[in-house]
Amino acid sequence: MTIKHKVFAVGLALALAGGGAAVTQAQTKKYTITTVVKIAGVAWFNRMEQGVALFAKDTGQNATQVGPASADAALQNQIVEDLIAKKVDAITVVPNSPESMEPVLKKALDSKIVVVGHEGSNLENVTYDVEAFDNAAFGAHLMDNLAKAMGEEGEYAVFVGHLTAKTHNQWVDAAIARQKDKYPKMKLVADKQESLEDQQVAYTKTKELLQAHPNLKGIQGSASTDVAGAALAVEDAGLGSQVNVVGTSLPSIAGPYITSGTIKAISFWDPAKAAYVVDKVAVMALEGKKVEDGMNFGQEGYEKVTLKGHVITGQAWVDCTKDNLSTFNF
Amino acid sequence: MRRLLSRLATSPQGIMLATGIVLAVLFSVANPVFLSAPNIVDLLRNAIVTGIFAIGVLIVLASGGIDVSFTAIGAFALYATTKLLIVSGIHPPMLAIFAIGIAIGVALGFVNGLLIGLLGLPTLIVTLATLSLFRGALLTFVGTLYYGTIPAEMVAYSRQPLLAFHLASGRVVQLPLAFGNFVLVAGFAALILGSTMFGRKIYALGGSEEAAARIGIDVRRVKLAIFMLVGGIAGLAGVTHVTLMRIANPFDLVGSELNVIAAVVLGGARITGGHGTVSGTIIGVLVITMINSSLLLIGVPTYWQRLVVGGLILFGTGLPIAIERFNLHRARLRAAAGPTVTVQAPV
Amino acid sequence: MQREDSTRSYLVALFGLMVLVFAGIGLGNPSFVSGASLSSMAFQFPEFGLLALAILPTMLSGGIDLSVVSIANLTSIVAALLLKSGHEGLALPLALGAGAACGVLNGVLIGYLRLPAILATLGTMQVIGGLGIVVTGGPAVTGLPDWYAATVNAAPGGIPVPLTVFAVVLVALGVLLRFSSTGVQARLYGANPIAARFAGIPERRLIMTIYVASGIISALAGLVILGHANSAYADYGTSYVLLVVLINILAGVNPAGGSGTVSGVLLAVLLLQFISSGLNFLSFSAFLRDLFFGLLLVIVMSLRVLGGQFRLAAWLARRSA
Amino acid sequence: MRGIFKSYGPARVLQDVDFLLGPGEVRCLAGENGSGKSTLIKILSGVVAADSGTVSLFGRPVAGTDPAGVIAAGLSVIYQDFSLFPNLTVGENITFLRAAAHRDRLVHRLRRRRLAAETLDRIGVKLDLDEPVETLPVAAKQLVAIARALANDARIVVMDEPTTALTRNEVDNLLRLVAALKQEGVSFVFVSHKIEEVFTVCDTVTVIRDGKVAASGAASDFTPAALVTAMTGRDIASQRLPRDATAPGRPFLSARGLTRIGEYRDVDLDLHAGEIVSIVGLLGSGRTELALSLFGDTRPDGGTLVLDGRPLSFGSVRDAMAVGIAYVPEDRLSEGLFLDQSINDNITVSSLGRDSRLGWLNVAAGARRAKAAVERLRIRLQTVAAPVVQLSGGNQQRVVLARWMEREPRLIILNSPTVGVDVGSKRDIHELLVALRAKGTAVLVVTDDIGEALAISDRILVMAGGRITASLAGDCATEHEIAARVAKDAA
C-alpha cells in the first residue's frame, strides 16, 4: 500500500464514519479478495468462479478463486494459512469441514482479514456467513419435490456425499423430518447412503438399493453427481418410469437424465450468484458497512435477505425440471 | 488327476474361490436376493473397470514390480480421449475411440517403462511419482471440466447390451457390451502370460531377475514392454469407464489403486513377484466387488461399511498366507514320505 | 556410526535444491520471504511432517504404514470425546494409548501373522478409519474446551507449538534411530531381514516396537490436528497418505529398507512446503502441486541413478561379489 | 579365450588367462574357491565382459556382454546356484533356455513337454514336470539345471561344480552321460575341485590359482598329488593344523535322537568345550538343517538337546544366543551380511547390548570395539564406516566372525566358513578356530570340503540322507575314506 493509498483509505474511512453519505462506484480502493473453495476444477466451483470473475469485472476489485487439488479439509487449511501470510484483504471460504477451519479462520480475523463463509452457517470465526437459503427449508423443499414425483407414497432412499459432510446431512435430516411430518405414506429404506461424491459409487449403491428394495420409488441425492449416478442405474435397470430421482445438482451434470425424465427435478442455488453476494458482503465489511436484515443484494434470490447473528440467508434455491432446463447454461 | 485337484484346492486361487463361495453363501443366507440373476449381473458389471485394471496390475506383479500409477493413466486416457473427440468434433467409430485411449495409455506407460527399464529405478518409487505427475499434468494442462454429455458413439455403445432380459416386474437386466472388454483383456492377458515367450519372460523376471539376465533375457526391454502393455490396458479401462458412466470426469478413478492391488493379491498374485494367474485375479476382483457392493444388501449399517471392508481385506490377505505356510509344512512332510526324485537305469 | 556412502551428498543436494526453490519463489513474490509467510508455513508442515516421521521407521525397516492418517484421526477423535466429556486429564494419555494400540494391531499383523506391510496397513487404514466413522457417526466432534486449541495454536516466543512438537519428535526419532539398539536394529533389519535373523535381532519384538512407535507419532500428529482444527473429523487429511510416502522417498529413504534419515525427511518436508506455499503465493493452480511433486521425484531419482554413486555402484559390486 | 584380464574395483580377479577347448573335449577347470573360476565362466558365457583379452566361440569372436547370443551359439552353463526360476515348473525350466535361444514367440506346450520329458529320460531321471522348482529338494534342482542345459542342444556345456548336491548314483549317471555326449561331439568345461571326478571324466585340465593359470595339460600328465599342489600351491598335508592333545571333558551340548521330519533324523551329537568337530555332507544331506536347529532357528520334531547337563529347547535364535551359541551362516552375502551397511554396524550388530545402557548405545565404545576386532582379525580396510560390500570375500567372512567373537561364544557353529574365500584368508580362519579351541570354545564346522575338515578337526562326522553315518577321529581319517562315505546314499 502506498502512502497515497493510505491517505485515501483514511479519508474514505472518515467519510464512511461521517454517515456514509456519498460513496460512489468510482472508488479507486482495490481490495484483494480470495475465495477458497472445497476443491478446484469441478463443475460446481467452476460456475462459482464465473461469479467471482463477474464480480471482479463489475467492481474492479481484485477478486479471485483458489481451491485444493482434492476435497480435503487439511489442504484447505494450508491454503488459508498462506493467504493470511500473503496479507489478502478478505478471505471467503466454502469449507469442506467447517469445524476444522475455525482456528485458522480465527487467525485470519485476528490478522484483521475479513472472512466471509458460505455453506457454513455454524461457523463462528467469520465476519459474515452467506447462505443461499436455510438448509432445513431446502431439505424440506427437496422432500416436497420427491413426494410430488412419487405421488406422496412409496419407498425412498437418500444419499449424502460423505457421512462426515455437514450440509448434506442437514438437508437429508430435514427432508426425512418433513416426510415423517407431511407424507406418512412414504417410507425411508436403509440408512443414509454414502456416495463418497463419486458417481460410480452412487451408481453401484443405487443398483444395490434396487436389488434390496424392489419397491423403491424415489431417490434423493445430495452431492451434485449423486443424482446422475442414481439415474443411470435406474435407467440401466429399465425402471426410468417407476423410480424417481430428485436432489441437488447442476443442469450440466443432471441434464441428460432430466431430458430423459428419470430425474424429475433438481434443486440448487447458483454458485455464481452466491459468490457474487459473498464478495459483495466482503467488500461491505472491508468498507466498514453493516449488513442489515432485509437488504437487497441485487442478485436473484438475494433481494431480501434475512440476517440472524452474522448469518445472511437468502431464498435462492432454483428448481430445474424438463421445462426450464434449456434456460440454464451451467 | 487327484493330485491336480488337490493342487488346485490348495493353490491361492483355489483358496480364494473357496473363500468367495463361503462369503457368497453367507451373503445369500443374509439376503436371498444376493443370488438372484439381476444381482449377479450387476456384480459382473461393477467388476468391469476394476477387473481390467487388475489384469494390468497382475502383469506387473508377476514381473516382480508394483504399479500404483495405473489409475492416473486411466483417468488421463478417459478424459483426454473424450475431450479430444468433443473439442475436435470428429466422430470416429468406437473401435478407433478405444484405440486412442489405448494409445494414450501406452504413451504414459512408456514413461514408466523408460524410468524403470532403462534407468533401473524401483517400480514403487517411479509409479508413485508418475501417479502424481500424470494426474497433475491432466488437471493442469488437459482440463478439469466435467463432461456430462459425451460423444454419441460412446452413448450408443454404452446402450448396447451384451446380454439382456426382462423380469416380470418390468425390470431390465443387462450386461453392457463393455463387459466384453474385460473378457477380451483377460483372455488376451491369459494368452500373453501363458502362451508367449514374452509372458513366460515376465514370470521369469519375477522369479529371478539375475537368472533371467544370465540366460540372455533383455531385462530392460521386457520391463519397458511390460509397462507399455500395462499402460495400454489402463487406457482401455479409462475409456471403458467413460462408456459405463456416460460422463467424462477427470477426477474419477484415482484413489482406487490400492483397492485394485488388494484384489489382485487376494487372487493369489504375490507382492514379491513371480506368481499370479488371470483366473485367480478374476476371482479376486469378483470377491472384492462382492464385498464392496453387497454390504447394503446384507444389511451392514452404512456407518460400519468401511470397517467391514477393511476387515474383509485383512482376512482375505491373511488367509492365503496362512495356507501357504501350511503348504510348506505339508511339502516338508511329503518330502519325508518319499523322495520325488527317482533315478532309473542310466542311459 | 555415520556411514560412508552417498547419503550425505544426497542430503547436501536436497538442501541445495530446497534453497534454490525458496529463492526462486522469493524472487517471484518477495512477500514469500517474510516473517508472516514463514510463520504460516511453520503452522502448516508440522501436521504432515509428523505423519512423515511416523512412516519413516517403518520404511527404514523395509515396511510401510499406510494407516498413519487413520490413526491420527482416530486419536484426535478419542482425545476430543474425552476432552469434551470433561476427562481432561485422561485425554492425552488415552489418545497416545489409542495410537499405540493401533500400532500393536499393525505389529501383530505384520510381525506375527506375517502379512505384507503394504496390505496389512491398507486394511487397518480402512478398519481404523471406519472405527472413527462408527464412533462419531460421521460429523466432526466439536465443543472442545477452549484451552486446548489455544495451547496448540499458540506461538510462545514466535515459535508455534506444533513446530516445537515436530522438532522434538524429529530430534527424538533421530536420536533413537542412531543411538539406540532398536534404531540400529531397525535399519539393519530393513537392509537384510535374513541376516538380521541370523544375527539374533529379535524380529517380532522389533517390528512391534517400530509400528507402535509409528502409532504413537501418528497419535501426536492427531493431537496437533485436533488443536489445529479445534475438532476431530474422521476424514481429515486423507490426501496426506500418498504425500507422506512421497516425502519419505524424496528424503532418500529406500522403500526396500535399510537407509533413511530424519534430516532427509526434514529437508523433504520443507521442500514440499515451499513448493506448496510458493504455488499459493504465486497464485498457480493447485494441480500444479501434484505435477511438481511427481516431476521432482522423477528428476531427483533419475539424477541419483545417473549420477551413479548411489545404487549402481553398490549393485554392481554386489553382482560381482 | 586368450589373455583374459578382469578386475572388480581394486581386486584383480583374472590375470592373463588363456583357456582353450576343442570339439568333443572335456576340460576340467580346477581351482580352489575364490580362485577366479566363476568369473572366467561368467566371461565365457557373456554375462560379464572381460577388461581385456579375446573370447571366441566356434571361431567367431564374442564381444561385450551377450548371453543370449552365446546361448544361441550353443553354449549352456549350469551355474553353481542353478539360476533356475523358482516360481516356474520343472518342465518349463528345462525348456526355457532353448525357447529363449531360438527366439520363439509362442510357447509350444506339447512340444515343450515332450522335450522336457525326453531330456529327463536322457539323464535317467523321473521328475514331475508340473512341480514348481521352488518346492524341489536341492538335488532335484541340480538335475533340472543339467537337463535345461542339455535341452538346448548345447555344443559346449559348462558345468560349475555340478556334482555337489548329487548322490553317488546320480554322479555316476552324470559322468556316463558326459562320456556319451562327448562321443556326439559335445565339449564340456567341467568345473570341480573333486580330484576323483577330474580323473574319471576329463581329457584335459586347466588349473587356476589366484586368477592365473597355474597349470594346464592333459589329465594323464597329472597325478592327483600334482593336481592338488597346483590348485593349492602347497602340499596339502602341511595344511593339517596341530591337534589338541587334552581329552575333552563333559560335553557342552549334546543331542540325542534329534529329528526334524523331512530334514534330518536320529542325530546323536556331543560337542565338547575345546574341541573342533566337523560335519561333512553334501548339499541336501541335512547338514544345514541340523545346524539351524542347533542354533534355534528351527524346532526339531523329536529328540532332546542337553546343554551343560540340563535339557533345554530353543524357542528362537535369541535363546540359543543367550546360552552362548553363535552361528556363521552358509551364504555370507544373503544370510550373513548387511551389504550396504557399515563394517562397524556389521560387527557390532549382535552385541549391541554390550555398549548400551537402557537401550541407548555408547557409539564410541562400539566403534572402539569394532576397530579392535578389525585389528585382531587383520581385516584389511580403510575405515570401519565403509559399507561392508566393498570388502573382498575373505575379509567379509572375517567381519561375520568378528561379530560373533564379540560375544565370546561357548559354541560356534560355522556353516561352510571358507566358501569363496581366498587361500590366505582360509588359513587365517582356520587358525582362528584353533585359537578359539585353545580358549575352550566348542567349534562345529559344517562343510562339504573334506580337505578343510581334515585340516582342522578333532572329530569328523559324516552326514548323508539326514543321518550321521560315521564318526571318525580327525587324525586317522583319510580323504578317500570320507569321500566314499559322504557320497554313499544313506537311503
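First chain written, first letter: the chains are A, B, C and D, and each begins at residue 1.
Everything below uses one rule, namely that contacts are C-beta pairs under 8 Å (C-beta built on N, C-alpha and C of every residue); 3 or more make two chains touch, one makes a residue touch a chain.
Just so it is clear, the model here is predicted, and its values are computed rather than measured.
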What shortest step count links subunit A and subunit D in the network of chain contacts? 2
Could you work out how far the Cα centre of subunit C sits from that of subunit D, in whole Å? 44
Using CA atom averages as chain centres, what separation in Å is found between subunit A and subunit B? 38
Centre-of-Cα separation between subunit C and subunit B, whole angstrom: 30
Counting only residues that touch at least 2 other chains, which ones in subunit A make the list? 40-41, 69, 163
Identify all positions of subunit D at which a residue touches two or more other chains, and write them in rising order. none
What parts of subunit C, by residue number, touch at least two of the other chains? 133, 137-138, 285, 287, 289-290
Following the definition at the start, I'd like every touching pair of chains, please. A-B, A-C, B-C, B-D, C-D
The residues of subunit C that touch subunit D in their complex are 1-5, 178-182, 184-185, 187-188, 191-192, 194-202, 258-259, 314, 317-318, 320-321
In their shared complex, at which residues does subunit A touch subunit C? 40-41, 64, 66-70, 72-75, 77-79, 81-87, 97, 99-104, 107, 162-166, 169
For the complex, give me every residue of subunit C touching subunit B. 66, 109, 113-116, 118-120, 122-131, 133-134, 137-138, 242, 245-246, 249, 255-256, 285, 287-295, 297-298, 301-302, 305-306, 311-312, 319
Per the touch rule, the subunit C residues reaching subunit A in their complex are 31, 34, 36-41, 43-44, 47-48, 133, 136-140, 142, 149, 153, 225, 227-231, 233-240, 276-277, 280-281, 283, 285-287, 289-290
In the complex, go through subunit B and note every residue touching subunit D. 4, 7, 194-201, 203-204, 206-208, 210-218, 274-275, 331-336, 339-347
